[in-house]
Each structure stands twice: as C-alpha cells, then as structure tokens.
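Note that chain A is present in both complexes that follow, paired respectively with chain B and with chain C.
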Partner chain A sequence: MNLGTRKLLDRSFTALGIGSIVIMGLALLVVLFPIVTKGVGAVVFKGTIEHRKLLFTEFHHGAARELEKEVALSSNYRQKAFDMLASFDKELEQMPPERQDQYRDSYEQVKAALRALLGPLPGEEQPELARFRFGQTRWDKAEEKLHNLLYEQKWDYSNPDVIAKPYDVSRAASFAGTSLVRLFPYVEENIDKMMLPEWTFYWGFITDNSLDAHFFGGIWPEIQGTIFLAIGAMVFAFPLGVIAAVYFTEYARDGFLTSMLRSANSTLAGVPSIVFGLFGLAFFINTLHVSESKSVLAGSLTLAIMILPTIIRASEEAILSVPKTYKEASLGLGSTKWNTIVTVILPAAMPGILTGGVISLGRAAGETAPIIFTAAVSVGAAIGLGDVLSSPTPALSWNIYNLASEHEAAAEIRHVQYGMVLALVTVVLLLNLSAIILRARISKKLKG
Partner chain B sequence: MPMSLEATEIKKNSQSAALDIYLPPERKKISGGGVPHVVAKNFSIYYGEFEAVKKVNADILSKYVTAIIGPSGCGKSTFLRAINRMNDLIPNCHTTGALMFDGEDVYGKFIDEVLLRKKIGMVFQKPNPFPKSIYDNIAYGPRLHGVKDKKTLDGLVEKSLRKAALWDEVSDRLDKNALGLSGGQQQRLCVARTLAVEPEILLLDEPTSALDPKATAKIEDLIQELRGSYTIMIVTHNMQQASRVSDSTMFFYEGVLVEHAPTAQLFTRPKDQMTEDYITGRFS
Partner chain C sequence: MRKLGAVLTSMAIMAMTVVGNAGAATKGIVIDGSTTVGPIAKSFAAYFMKKYKVPVTVSESGSGNGAKSLINGSCDIADMSRSMKPQEIAAARARRINPVANVVALDGLAMIVHPSNPVRNLTAAQIGDIFSGRVNNWRQVGGPNFPIVVIQRESNSGTQETFKDLVMKGRQVVRNAETQASNGAVKNRVSQTRGAIGFVGFGYLDASVKKVAVNGVFPSAATVKNKSYKLARELYMYTNGRPAGMVGKFVDLPKTPDGKRIIRELGYISRY
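Now for the complex of A and B:
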C-alpha cells in the first residue's frame, strides 16, 4: 500500500469515527431534549387559582389568608358568569317547549365546558372524584378548555372520499338572540381574572403523594419505590454475585461442571426480563411465599436474579485483571488464600466490580417487566421502610407504562408522565453518579 | 509424620559438621552460620509430565548468600519457588525426592505452607507492592500474623524500612501510596515488607532484572547488609552480580544442578566444562 492511500484510509477512518460519535450525540439530544423540557413542565408551569386551592385543601401547602383574598378576587368575576347562566335558566323556563328542546343539548355542553374550566357550578353537589372537584389547575389546559367553551367541534362529512375533518363552530352563534350570548365574550375577556394564572414552582411534584390516580399531586411514592427496588436488588445481588465470581476465579477447577456453570450464567444474562417477572411470581410468591402477594421484597429478589449474571461477569473480569503479582506477594508473606482474596484481590478489583454494579443498578431501576407481577401497583401512597417485606409499591418504570397505555385519563395528564420519565432518568443518573464517585475515590486510592 | 527414607538420611547428615567446602576461605566466616538450612536430596519438580528440575542434591548454608545462575528455562526459578511452595499456585505441579527446611520435609503431609512462607520470604522479579500506603504495605504481613498494637507495628515498620535502607527516603510519606515510589524504591519496599514478618530465609527471584543500574547497585548493597542475618538465595541472569554478592553459586542447566561451589572458585576454576562454557559466554 503506498503512502497516499494509507493516509487517505487513516483520515477516512478518523472521519467515520467522529461521524458516528456525532450521530450518537445527536440521538441522545433528540431523546433527552423533549424529556427534559416537557418533564420540567411538570414542576414549573403557569398554575391557576384552582391549583392553589387544590394544594391548600388536599396537601396543606400555602397560606390561608392569601388564598382567601385570591378566591374573593376571582369569585367577583366568576359570579358574573354564573349570574348570566341563572338569567338564561329563567329565560329558558319561559320559552315554549320546542324552543327549550332546541337549546337543551347545547346548553348542557356549555355548562360542562364551564364546569371543566372553573370547577363545580354554584348549587351543584361536590363530586366524588377529586378531578371533578377542581377546575383547571394549569393555565395551558385552561386555555384548551376555554376553546371548548367558545367553540363547538363539528365534523365535515361533505366529501365521502376523504376522512372527515373537524371544524369549529362558535357557540355564541347558536345562542344568538338569547341572553346567554353575552357569556362567551365575557369569559374570553376575563378568563385570566377568573383563573389568576401565575408561574409556579411545584416542588411538591417530587415530594407529594398522588391524588386521584395521578390526576393531581406528585410522584414521591414512585420515586421512593424505584429507589427501594433498585437498592433492594443490589443488596441481594451484589454480595452474591461477588462471592460467585470469587468462586469461579479462585476456587473452581477448570472442568465440565465449571464450564457448564459459566455458560449457564451467560445464558441467564440473555433471558428476556418478562421471563424473570413470571419466574419471580411463580417462585418467590407462589412457591416460597416470601410475601402474601406483590411486595418490594419479592420485586427486589426478582430484579436481583435478573442482574446477578451481569454482576458475576463483571466481577470475574475485574478479579482476573488484578495482577498475579499481588497474589504472589500476599501468599509469599504467609497469607492464607482467603485472607489474600479479602485484603488484596477484592480491594484491587473493586473499581471493576463497581462498574458492573453501576450498570446493574441502572438496569434494576429502569426495568418494568420483572416488577409487573412481583412488586408494582399503579396507585398507592409511599410506603415506610418497615413495609418493604409485605407491601407492594408504585414504581416509576411501571407507572410510566401505566400512564401511557392504561390510564383512563392519560391524555389529560401527559405532563405527569413526562415528569415521571425525567424523574426516572434523574434517579438512575443520581444512583449511577454516586457509584461512579465511589469508584473514582477507590481508584484514586489504589493509584496513589 | 512418616518421613521418606531420603529425608531421614538427610536429617541424620545435617547434624554433622558445617559444610565448609562451599565457603570461600578468604571471606570472613559468619558466626552461627554455615549449617545446612535447606537441603535437597534427589529433588525433582514436574510440570505434568515434564521434569523441570532433575534430581537435585544441594545444601544451602544458613546466613550465607547463595546465587543460582543458568540460562533461561534451566529451572533455577522453579527450584527457588519450590522452597517456599509458591509452585503450589501452578496447577498439576508436583515433586519427588525430598526438600528439607530446618530438618522438616517442605512437602510433608503436615506442613502448614502458610507458616512455611512466613519463615521463607520471597521477593519477586518485578516489584509488586500492594496498591496501599507504604505503611500498610510493610504492616500487611505483621497484621496477618496477629500484630495489632499500633506501637509495635510502628516499630516494626521503621525497623524493616531501616534494614532495607529505605527509611531515610520515605519516612516523611509513609501514608502515601507505594505505587508512587520509583522502581528501585518499590523493590526495596518489597524486601522490607518481607523482612517485616521476620523470616529466616530470603528468596530473591531476579530482584534487579527490572531495575536500572543505580537501583541495582542499591539492592546489591542491601544484600551485603543482610548477609549474616538471613539465609539468602538469589536467582540472577547477571553473572557479575552473582560474583559480586554471593558466597556460593549454583549453576543449573536444563534442570540439572551442574555445579555448586564457592563463588570465587566457580567463576575462576570451574570443575565442569559446561560451567566454563557458560561463564565465559560460549552460550547463554
């Protein structure tokens, strides 16, 4: 090969390498950007007076006095809208029955839209579900609901060859000639006085329990559940994995049985996580009865089984990479094998072992399938440390899936879902970061 | 303890007078030294089927320095490592014949190899300090053997470092990581670490082959310092080194102990043609 071609090849490989790194970085950005921006929206948003009412009555945040003032202020403006409804009620009574029928349905729709915006109308019973007891707590949602109040959505079926398209019809037009017509421009003009939106930092999203199946409130139970499960899995898997690795590297003789065990371990690392989930249900709960039904303990054990092969493999590599000379030096000083392993080999292998631990910790925190049947519930309060043996827990990974696919009001609470995703990424990052810092400190100590 | 026939015989022999034939007459005699400390009788070492060391008969005299020379792969390191049973680490390595240490069969059934290695310390080819502080490196052995008292440990650390001529260089940074030392300092640290468990024999397996000439000279000085206090065996590739530091020299070739004689005699008037060819550089 001549010099020119060689240089050209060199350069093109460099370009290829840089290119793939740039693509990876871009992909990371594309994934992380919406997670971060929308996830932050769960904590920082324009909150309305309904949000503050909710926080005060359900979570006891905020000051009563200021809230009273605000409620009085907004009630002034709301009352006028309610007065308009009342006067239309009277007008409706005096109408002939066929005209009453003409307005009845659309009037009910108007009331429903107003209820969604401001909460229950005066004189109505307090609904059972929290989500109906309050109006819109977020300004962006309030604007959507305002649109629903002002416009009725209809579908255009005129062309049978194309899919029908929605179009908006002003509700004011359908009430032309009645007293209700004044309501629409009034609400549109005074909506911000009725709702009093202001920028809110809702830290409670991280520290509060959820209310009405994540409709309101925070995700603390999920965050705590994820941490419990991940750390619980490590408590079981880490010592077991390291001991198994020590056995493989220091004690096992090379033979048929050892090589079988090794390949079994590698196979286990490739088993899909849902299989571990079902195994956990069948073995830990139905056979061993570690708990009555789902529990953090059963979930941790299942996750531990799942991450065990990774920890064993990483620890084996780490132990094998410890220079033989350390072992010789220690044995040469009259140390026993066991003592050599504990005082020399394991400390020297610890950075590598911890790297495997970090990877496994992240995986244990993020996996959904193993905890579906063994530990996770969709809704629940944060459990105490004493309940981990018997109680199930909500967990971020499972609740993200749940909110995306099974929640009956998923579309209404997308911000919670994004918030959970951001929280999961952050929790994994923080767990990893602490392990990485620990590893760096050990490495530094070893290198001097 | 059942003892092989050879072992019993050696035990009888070792009661007899010091084996002065191995010692240089012009050197100052060491009081209390010169008795057989390690005795090999028809001692062979096998790696599986391969006989790496063949029927060696030798007496290593206490408190003197014995050098082992020979070309690569001649079995000199294997022989050295057999003395404190470091060869146990190698799978399917076994021995025949007898190797006696202080009248006990090293490969006997009831020998505790951990205790044996405490008495027979070893320094390896490449400096291998633990990734711990200098202090912890030295204190590692004593701690293993149950010394817990801080004052006793401090004393031991200082004494060992002084013996290894390293104290003046590291006394102000005992808590620093040992891997921060230079290669020569690391090797002297390894010697100090071995001395800290108060062994009787010091096995040096090519201790200077990874060091520069200056560091090598320091190690050689150190060996001279330690001569008379410990029985020292040193494997070396460097014949000048063997002639400088040792009292007697063993020449191995292809697993066979060709000649064992006082160093001055072996290097000036070798009895064996093979030895002469080797020390004059006809082969290596």
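Now for the complex of A and C:
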C-alpha cells in the first residue's frame, strides 16, 4: 500500500470518528433540549392568582395580606362577569319554555368553561376534589380554557361519507340577542385582570407532596422514593458484588464450576428487567415475605439482583487490572492473602469498582419494570426512613409512565409529567456525580 | 481500607436506624387493582390521608392483578371493575382469605370514537360485529368509507371482561385488534386515531373523544341509573372478610356524603 492511500485512509477514519461524535452530540442535544425546556416549565411558569390561592390554602406558602389584596383586585373584574351570568339567569326565567330549551345546553357549557377558568362560580357548593376547587393555575392553560369559553369546537358531519373536519363556532353568536353576549368580549379583554398572571418560581414542585393525584403540588414523594430505591439497591448489591468478584478473581480455581458461574453471571446481565420484576414479586414478596405488600425493601432487593452482574463484572475487571507486582510485594513482605486483598488489591481496584457502581446506580434509579410489582404505587405520601421495610413508595420512573398513559386526566397535567422526567434525569445525574467525586478523591489519595 | 471501613460502618448504622424505626411506623392501607376504579381510589386516598392521617397507597395494575394481590395477602383492598371469578374465590379460600365485595360505585362502559367520526349511534349487535371483525369499515355501520381500528384492553382488565360479557357473548375479539393496558391509554389512542373505536369507564371521558349512543341510548349518569343504558357495571373494592378499623372506614366512604360527592365529581355514579 503506498503512502498516499494510507494517508487517505487515515484521514477518512478520523473524519468518520469526528462525524460519529458530532452525531452523538446532536442526538444528545435533540433528546436533552426538550427534556430540559419542558421540564423547567413545571417549576418556572406564569402562575395565575389561582395558583397563589392554591399555595396559600393547601401548602401555606405566601403572604396572607398580599393575597387578600390580589383576590380583591381580581374579584372586582370577576364580579362583573358573574353579574352578567346572574342577569342572564333572570332573562332565561322570563323566556318562553321552548326558548329556554334552546339555550339551556349551551348555557351549561358556558358555565362549565367559566368554572374551568375561574374555579367554582358564586353560590355553588365547594367541590370536594381540589382539582375543581381552583381555576386554572397556569397562564398557558388559562389561555386554552379561555379559547374553550369563546369558541365551541364543532365537527362538520354534513357529508356522512367522509371523515369530519373541526371548525370553531363563536359562542357569542349562539347567544345573539341576549344579555349574555356581553360576557364573551368582557372576559376576553379582562382575562389578565381576572387571573393576574405573573412569573412564578415554584420550588415547591420539588419539595411539596402531590395534591389530588398529581393535579397540583409537587413530586417530592417520587423523588425520595427513587433515591431510596437506588441507594437501597446499592446497599445490597455493592458489597455482595465486590465480594463475589474477589472470590472469582482470587479464590476460585479455574474449572467447570467457575466457568459455569461466570457464564451464569453474564447471562443474568442480559435478562430483561421485567423478568426481574416478576421474579422479585414471586420470590421476595410471595415466597420469602420480606414485607406484607410491595415495599421499598422488596424493590431494592429486586433492583439489587438486576444490577449485581454489572457490579461483579466491573469489579472483576478492576481487580484483574491491579498490577501483579502489588500483590507479590505484599505477599513477599509476609502479609496473608486476606490482608493483601483488603489492604492492597481492593483499594487499588476501588476506582474501577466504583465506575461499575456508578453505571449500576443510574440504572437502578431509572428502571421501571422491576419496581412495578415490587415497590411502586401511583399515589402515596412521602415515606420516612423507618417505613422502607414495609411501605411501598411512588417513584419517578413508574409515575412518569402512569401519568403518560393511565392517569384519567393525562392531557391536563402534562407539565407535571415533563417535570418528573427532568427530575429523574437530574437525580440520576446527581447520584452519578457524587459517586464520580468519591471515585476521584479515592484515586487522588492512591496517587498521593 | 479506612474508607471501606467507614462505608461499612455507615451502612450498619443506616440498617440499624431502619430496623429501629420500623416498629414505630404506622401501618397504612395498601390498595391495588383496577385502573377504572383508580381515580376513585386515589381521590379517596387523598381524602382519607387528610382526614385520618393514615397513609394510603394506591397502585393501578388491573383488576386481575388486584385479585391476585388480595389472594397473596399483599394488599388490603383490591379494586375491581368486575366481580371475582369462581376460580379466584376458590384460590382465595385455599389461602384462608375470604373475599368480600364492597360496591363503590356504578360505572358505564362508554363506546368512544374519534371526534371526527360522524357515527352517532351503534347497536349492541353492531358493536359485537365490529369487535369480532365481521364489520371492518365504518361504511357498513352508517359511517364514512374508512377502515375501523379496534382497540381493546389487556386480558388482565376487568373492563375487558365486562365488555366481553355484555357485548361479545362468547365471540372472540378480532385478532388484529390493538391492545392497550389502561383506560387512559385507550382514550389516548382513540383521540389520536381517526378510525378507532374503544371502550372506557365514564371517569375517563373528556372532550378529546366522542361518545357513541348504544341502542339509541346516550351514555350518561341518568341513563345508567335508570338502567336504560345497557353497558353498565358495578365497581368493587374487595377486602378480606368484613373489614374493621381503618380499612372498614375506607370501603364505607362511598356511603358518606363526602364520598358520594367525590364519586359524582369524578364522573362516576353513586350507588347509594
């Protein structure tokens, strides 16, 4: 091969390498950008006065006097709208019955739309569910509901042979000639005075409990559950994995049994996580009865089994990469085998072992399938450290799935779901970061 | 070495605090089961935790799983959108568990289609034909020329079993039907698929999907209550024996005024 071709090949390989790194970077950006921007929307958003009312009555955040002032300010404008409803009520009473029937349904729809926007109308019974006790807490949602108040979406079914198309009908037009007509332009013009939107940093999203099945409030129980499960899994898997790796590398003789054990370990690493989940349910809960029901303990044990192979493999590699001379020097100075392992080999292998731990920790925090049947619930309060043995917990990974598919009002609370995704990514990142810092400090100590 | 020692000691201390605290922890109520009953159970749980300060956890894994959890003794209350099958009751008895049905609410099974679909009414026979695959175009049931996408629930679902009992009457659901794992997922799929038809509990209805009248009767609280809407069923919370204490208070919530209001606000129909 002449020099020219070799150079060309070399260059093209470099280009390929750079290209693939750029593609990876772009993919990361494409994935992370929406996660971060949408997720931040759960914490930083334009909150309405309803949000501040909610925070004050349910979570005791905020100042009473300021809130009162704001409520007074907004009720001035709201009252006018309510007066319009009241005057239409009177007008409706005096209409002949057939005209009443004509308006009844659409009037109910208007009231429902207004209720969704501003909360319960005056004179109505206070609803039991928090989701109906308050109007729209977020300005972006309020604008959506305003649109619902002003326009009715209808579908053009005139041609039964084709799939219909949607079109908007102004509600004001359907009330033409009545006093209610004034309501629509009035609300549209004064909506910001009724809702008083302002930029809000809702840190409570991270620290508050959820209220009314994630409609309001924060995701602290989920964050805490995720941390408990991940750390719990590490507490079981890390010592076990390291001890197993020491056995494989230092004690086990090469033979049929050892090679069987090794390949069993590799196979275990490739088992789908849902299998671990079902195994955890069948073994830890139904057979061993580690807890009466799902619990953090059962979930941690299941996750521990799932991440064990990774930890064993990583630890084995790390131990094998410790130079033979270390061991020989230690043994040559008269140290025992056990002493050599604990004082020489393990500390030298620790950075590599911790790398395996870091990868496993991230996986334990993010897995959904193993905890569905063993630990995760869709609603529950934050549990104390004392409850981990017996109580199940909400966890980010499972609740993201729950909010995405099962929740009865998934479309209304997308922002909570996005916030959870960002929180999960951040929790995994932080857990990894702390493990990486620990590893760096250990390596530094070893060098110095 | 010192590091390792420190890690081990801290682990030991953590383990000890955990064991030490465990005795002091109050035992909560564990609820598992149907996604249809889920919204009620979740709202009841929130209400209960606020009122009695008893921790309540709710999982929504389907009626079948709820029954299994109760049989295995791993939950206090099993939410079910169908009644227990004889073999489930036998399995429970074998484990000395005595399943008792507590009716929570009435619920209708609403047939839903994409809002763009002009079809307003289907007969029970037509629905059966659609789900068994004998009819596969909306034109055959008075709609536009558009293929039907059948969406069903998984075998674990009580809603699916109720649907099969009430509509299919022994016929098999067509093999190319799409299976979704929860009411929410069915609604989601139908709201995004033009030719789709599916069924969900009343608590999941909203403007993103269109309800279809069955045999000319529109699904609503009133028509379920007066029994003119045929696709209706009772929702249950199964317990082991007649429960006393907090669990008993919980399953009796549907009889209290506050409980009735929660059920109504969620879109279900109070039985009491």
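As a working rule, the second predicted complex is superposed on the first by the 443 of 448 C-alpha atoms of A that agree within 3 Å, B and C clash if a C-alpha of one lies under 4 Å from a C-alpha of the other, contacts with A are read in each partner's own complex, and residues count from 1 in each chain.
Heads up, the rule we're going with is that a contact is a pair of C-beta atoms (placed from the backbone, for glycine too) under 8 Å apart; a residue touches a chain by one contact, two chains touch by 3 or more.
None of the values given here were measured: they were computed from a predicted structure.
Enquirer: Check whether A:132 is in contact with chain B, with chain C, with both or with neither, and answer first, second, both or neither.
Expert: After superposition on chain A, A:132 lies in contact with chain C alone.
Enquirer: Just to be sure I read the superposition right, which of the two partners does A:332 touch: chain B = first, chain C = second, or both, or neither?
Expert: A:332 sits against chain B, while chain C stays out of touch.
Enquirer: Contact-wise, after the overlay, does A:388 reach chain B, chain C, both or neither (first, second, both, neither)?
Expert: After superposing on A, A:388 lies in contact with chain C but is clear of chain B.
Enquirer: On the A-aligned overlay, A:446 touches which partner chain: chain B = first, chain C = second, or both, or neither?
Expert: After superposition on chain A, A:446 lies in contact with chain B alone.
Enquirer: With the two complexes superposed on chain A, say which partner A:323 touches: chain B (first), chain C (second), both, or neither.
Expert: So A:323 only meets chain B here.
Enquirer: With both complexes superposed on chain A, which partner does A:343 reach: first (chain B), second (chain C), both or neither?
Expert: It touches chain B and chain C both.
Enquirer: Tell me which partner A:288 touches in the superposition: chain B (first), chain C (second), both or neither.
Expert: So A:288 meets neither chain B nor chain C here.
Enquirer: Between chain B and chain C, point out the one touching more chain A residues.
Expert: C
Enquirer: Considering only the contact definition stated at the top, list the common interface residues of chain A for chain B and chain C.
Expert: Common to the two interfaces on chain A: residues 343, 347.
Enquirer: Considering the complex alone, what residue numbers of chain A touch chain B?
Expert: Going through chain A, the ones touching chain B are 253, 323, 325-336, 339, 343-344, 347-348, 445-448.
Enquirer: Touching residues of chain C toward chain A in the complex: what are they?
Expert: 1, 3-4, 8, 11, 14-15, 17-22, 24-25, 27-28, 30, 32, 35, 38-39, 41-43, 45-47, 49, 55-61, 69, 72-76, 115-118, 139, 142-146, 181-185, 188, 194, 203-204, 206-208, 258, 261-262, 265-266
Enquirer: Enumerate the contact residues on chain B facing chain A in the complex.
Expert: It is residues 84, 86, 89, 91, 114-119, 121-122, 124, 126, 128-131, 140-141, 144-145, 176-180, 190, 193-194, 197 of chain B that touch chain A.
Enquirer: Provide the residue numbers of chain A that touch chain C in the complex, in ascending order.
Expert: Contacts found on chain A: 127-130, 132, 153, 155, 157, 160-166, 211-213, 235, 239, 285-286, 292-294, 342-343, 346-347, 350, 372-373, 376-381, 383-394, 402, 405-411, 442.
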